[in-house]
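Beneath this line is the structure, given in structure tokens, with notes to follow.
Going in written order, the chains are labelled A, B, C and D, and every chain counts its residues from 1.
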Amino acid sequence: MIVVLKQNASELKVEELMKRLRGMGLDIHQSRGTHSTILGLVGDTSAVDIDALHALEVVETVKRIQEPYKNANRKFHPDDTVISVGDAKIGGGHFGVIAGPCSVESREQLCSVAADVKKAGASFLRGGAFKPRTSPYAFQGLRGEGIKLLLEAKKETGLPIVTEIMDLSQLFLFEDVDVIQVGARNMQNFEMLKELGRLHKPILLKRGLSSTLQELLMSAEYIMAGGNQQVILCERGIRTFETATRNTLDLSAIPALRQMTHLPIVVDPSHATGHASMVKPMAIAAAAAGADGLMIEVHNDPAHALCDGQQSLTPEQFAETMQAVNAVLPFACR
Amino acid sequence: MIVVLKQNASELKVEELMKRLRGMGLDIHQSRGTHSTILGLVGDTSAVDIDALHALEVVETVKRIQEPYKNANRKFHPDDTVISVGDAKIGGGHFGVIAGPCSVESREQLCSVAADVKKAGASFLRGGAFKPRTSPYAFQGLRGEGIKLLLEAKKETGLPIVTEIMDLSQLFLFEDVDVIQVGARNMQNFEMLKELGRLHKPILLKRGLSSTLQELLMSAEYIMAGGNQQVILCERGIRTFETATRNTLDLSAIPALRQMTHLPIVVDPSHATGHASMVKPMAIAAAAAGADGLMIEVHNDPAHALCDGQQSLTPEQFAETMQAVNAVLPFACR
Amino acid sequence: MIVVLKQNASELKVEELMKRLRGMGLDIHQSRGTHSTILGLVGDTSAVDIDALHALEVVETVKRIQEPYKNANRKFHPDDTVISVGDAKIGGGHFGVIAGPCSVESREQLCSVAADVKKAGASFLRGGAFKPRTSPYAFQGLRGEGIKLLLEAKKETGLPIVTEIMDLSQLFLFEDVDVIQVGARNMQNFEMLKELGRLHKPILLKRGLSSTLQELLMSAEYIMAGGNQQVILCERGIRTFETATRNTLDLSAIPALRQMTHLPIVVDPSHATGHASMVKPMAIAAAAAGADGLMIEVHNDPAHALCDGQQSLTPEQFAETMQAVNAVLPFACR
Amino acid sequence: MIVVLKQNASELKVEELMKRLRGMGLDIHQSRGTHSTILGLVGDTSAVDIDALHALEVVETVKRIQEPYKNANRKFHPDDTVISVGDAKIGGGHFGVIAGPCSVESREQLCSVAADVKKAGASFLRGGAFKPRTSPYAFQGLRGEGIKLLLEAKKETGLPIVTEIMDLSQLFLFEDVDVIQVGARNMQNFEMLKELGRLHKPILLKRGLSSTLQELLMSAEYIMAGGNQQVILCERGIRTFETATRNTLDLSAIPALRQMTHLPIVVDPSHATGHASMVKPMAIAAAAAGADGLMIEVHNDPAHALCDGQQSLTPEQFAETMQAVNAVLPFACR
């Protein structure tokens, strides 16, 4: 961490600051220039509050050099993390596909889709029981009943299930859920992240709508600092000025995160593009760019889906997409 | 709501769609052009799911004409909402100032600041007990103990208190809190909004980091749909590419929201700018533009604040800012 | 185009508006609801000024249904446009790679890189003679001298050349340039676009830093409206909040533009990511997603490049990238 | 400037780098930590190319401490710049208002508006002769003829005129124009900025649609580096996700720029909001926040304006706005 002092900083105040910093176990290297003095802080700066330093009268600016995340940092954990659930694996060379309907609507719908996506090669079943909807007047999900149906579909197909939690008060319902999803709008729901950090099951953490990759990793850090190291990161598109797509899928997040962290990276082309016709090209591109997996919405009757029908693939389209992805995988950039 | 049909839409499918729409109690006006057919939907379209319509094979595009919010809509409630807590009022011509430290740190700190801001003219005391911090290694607030201290400061000064809830599991601690704040990162925590909609106390709802005003109103709608009509909207800056300020304060939100809704609008120049030196000019500007109130961070010793010191005013600076705001208020644009 | 009238719009004013619209050759379909009246305008609305309609007292809002671009619109020109320069082709199934240094620095540098990229399979040579630099104190390019060197390299290697124009006063120097590039910062330099519309040579039009795809197509429309139909679109990353990459490469622009327009789409992973290590994964991903070509920066000695060294590939890295791209191309999504 | 070296950087390469930096006249302070070595560069770093440093194998990251602008920097020119044209002044305590129609349409229109705005207290007349329009099919301005009409209106009213240049080929027409405006889309048209730097007349430089304040100052620096110190900065709203306003007016740019630069700051609430009804509140707010002036669109018949009618004030509304602004000015934050 670099602290740049103001030109006219009083000796006394600077001494006070340096004492405070040394008290935090940091070594200080001082460089005096004509226009400014620079303090280089050496040691573990992850607990140093940048804002607090900025507030000091003698400080002109503060720049962080070391990443503020530790558990998620590849520098300290060079090997890829592999997430295993039953036979399914994601990360470290294992490519995993999570597929299923946006929202669980009925036993028939879910089991039919589950059978179809399994046949096409998916290794996880997804389905929303609790649905975050912008409008209070829109369908809010089957909730507890939805979780029950997911567990039935799991029993029938053997596919481990992935579903979203929206509030900690729902946690007791997730005991038999294999992977708990944290949605984009909850990426910085810090109380929830802390609680999930006490569990012993994988968390699929979606990137916030306008979050940076560092912020995503800081949210993973919240979970990992609690003891739960099983975090799957999910790029699902960020908000930009573009309107031709629902969000903008940031595929450069794959090589960027690959360097920053050892955690597996999954891409969701359905929410990112918002259009079924764009899911296949973006799925192939994500695989080619080196993603560890995909999350894709599949519905047996998109035109009558209760949620996100326009971005859902039919089972046939999904099977076709899987074939195309499998053809590209051997040439993927890893 | 306008539904534009595809050029080659089959008669049968269009009939099916029109039947479905009529089943929702909507009237349909049809316009046939050479390149496309347009359906004008008349009636209460707030429950119509735009995404579901987009998913239909015959639909080219859908455009909403009516606002999707009802309770918050000025069209249906022309008169300004006034929020009253004890003697303090915000909205409908009443200008209210909420001031206090970013986080509650100790009894001494809080009571000292509370006395100072009251003297300078604040009508509410703010202070964070639960603190949403990007890093799990940063100070997380005094939590339950912080709420207790706020209630003591209230007793001492008579100022009603405003403090943030971060998770529903904390709700039981907020029984004696006067105004519950929903932070920017929780603006779309829909389960929390629903639960707060069942209370009978004012909710201060902060705009999300990259939310539109319509999304802010849809979140207010979640609270209001539950029965709680006491919502105060708070503009606290949005994320932009600018780095000279922490966020970009959107003061045009004031006249824009004024037209869209009857709810009171409060501006937080502290979080928006992130620099104490910019709080005063932005506070005056907000007052001039017609805001119903301000939310300002004040600390007795910003250099040693545990949180957000760089954007906190000293009590002297706050008193000066209040004077400047009061001088401008008679000329404000309402 | 849809015009929604205000609830209380005077009959007289509405009549006046309808007369004005009919005077523009448009047919009008009227739908009267309880809360609003909707006018559906049928005919060629590309010349209708939306802002002018918005300014009218009786108008609540205006929504465009038809795209405002005609020449670039796939609806009116279903077949892919193919751009040919000598033996090189881009579009309609022809994949073309444009490679070379960010800026032309010397005869040796340019000819050496040109020979290398040709050998690795590039079909065009790029090199900047005029350089748009954020700082007036940075290297501004060899200018006229740079164009001369490019023409020499073309003579030596046979590769057609692509280089950027920054101002119309430089146009006379571009007579023998094969493809004129319009940079991201000039995408809405409308006077320049008009002038380039009078030429008979291909224009490579880069997407603006925060432009939408529709705005990109409107800029292409400026060139095409002048008579020059040879426009190559280039996605080169857009500005987002992310800082781990220089810009955010929007690969969903490929399938989105494919539907909107018949023009070829080229992707520049070098400027988009800003890091040499991310160029290969993004190049493969772009090819997989169905791009018509790539634009890649290659330098014989990136560490001493006068411009953008950190994102330049060495000739060896470029050759490796080309191999990887060629392996993926047969499985690309078209 | 701070250069952070990679952990495993070879001694030899580091020596080479330090030699190169010393060759640029810089002093180097070295701090060795356990994880990284930091070089603090002392001296004039404005010509150092950050990208070039990033490209080096031994460099982990580079952070700029000193601002890259010199002429525009308040640190080196503490006193406010005052721009004078005839009797009109902007900056250093002088508040100047620039008003007039979006585009010059006719002699009658222009002279009528000019007389009205002068009467209401404007000190400059604005009017567009060359109009940057997103669509090639929209009205493009009266061009040369428009400049002539502006000069006639100047003769009639005595008001100095401000009008936009779109291309250097038009420069000869601007000889008698008092203030040349550079539009938002041309803020980084570097060739134009360089040429305007050779003139001896004030340039009104508008902030780009998604530009940072530092980028705005770097564009001012282009003009000033050429010798022309008369630059007026104009905040006109930036692109955000908000759709209720045309752009988002960033009023915190006023106090932020005030600290960064000595140049005068003018605010354009017309383009920023896009709605006539929001111009007055934002004009007052800008004045309160300490702006040096305003730029406001006024039209005698907004409903029939050829351009931007919806954001134009009538002469009556403008007079009212001026009164409100004048009432607030004595309490403005300076």
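Going forward, contacts are C-beta pairs under 8 Å (C-beta built on N, C-alpha and C of every residue); 3 or more make two chains touch, one makes a residue touch a chain.
Computed from a predicted model, the values in this text were never measured in an experiment.
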item	value
Relative to chain B, chain with the most remote C-alpha centre	C
Between B-D and B-C, the pair joined by more C-beta contacts	B-D
Euclidean distance of C-alpha centroids - chain A vs chain B, Å	26
Distance from chain C to chain B - Cα centre to Cα centre, in angstrom	39
Chain B-chain D separation of Cα centroids, rounded to whole Å	31
Where chain A touches two or more other chains at once, by residue number	210, 239, 241
Touching residues (chain side chain B, partner chain D) in the complex	210-214, 238, 240-245, 248-256, 259-260, 272-273, 277-278, 280-282, 284-290, 324, 327-328, 331-333
Residue ranges of chain A touching chain D (in the complex, touch as defined)	2, 4, 27, 29, 31-36, 38, 40, 42-43, 60-61, 63, 65-66, 239, 241
Interface residues, chain B side, partner chain A - complex	46-47, 49, 51-52, 54-57, 68, 130, 132-139, 166-170, 185-186, 188-194, 209-210, 215, 218, 221-222, 225-226, 239, 302-303, 305-310, 312
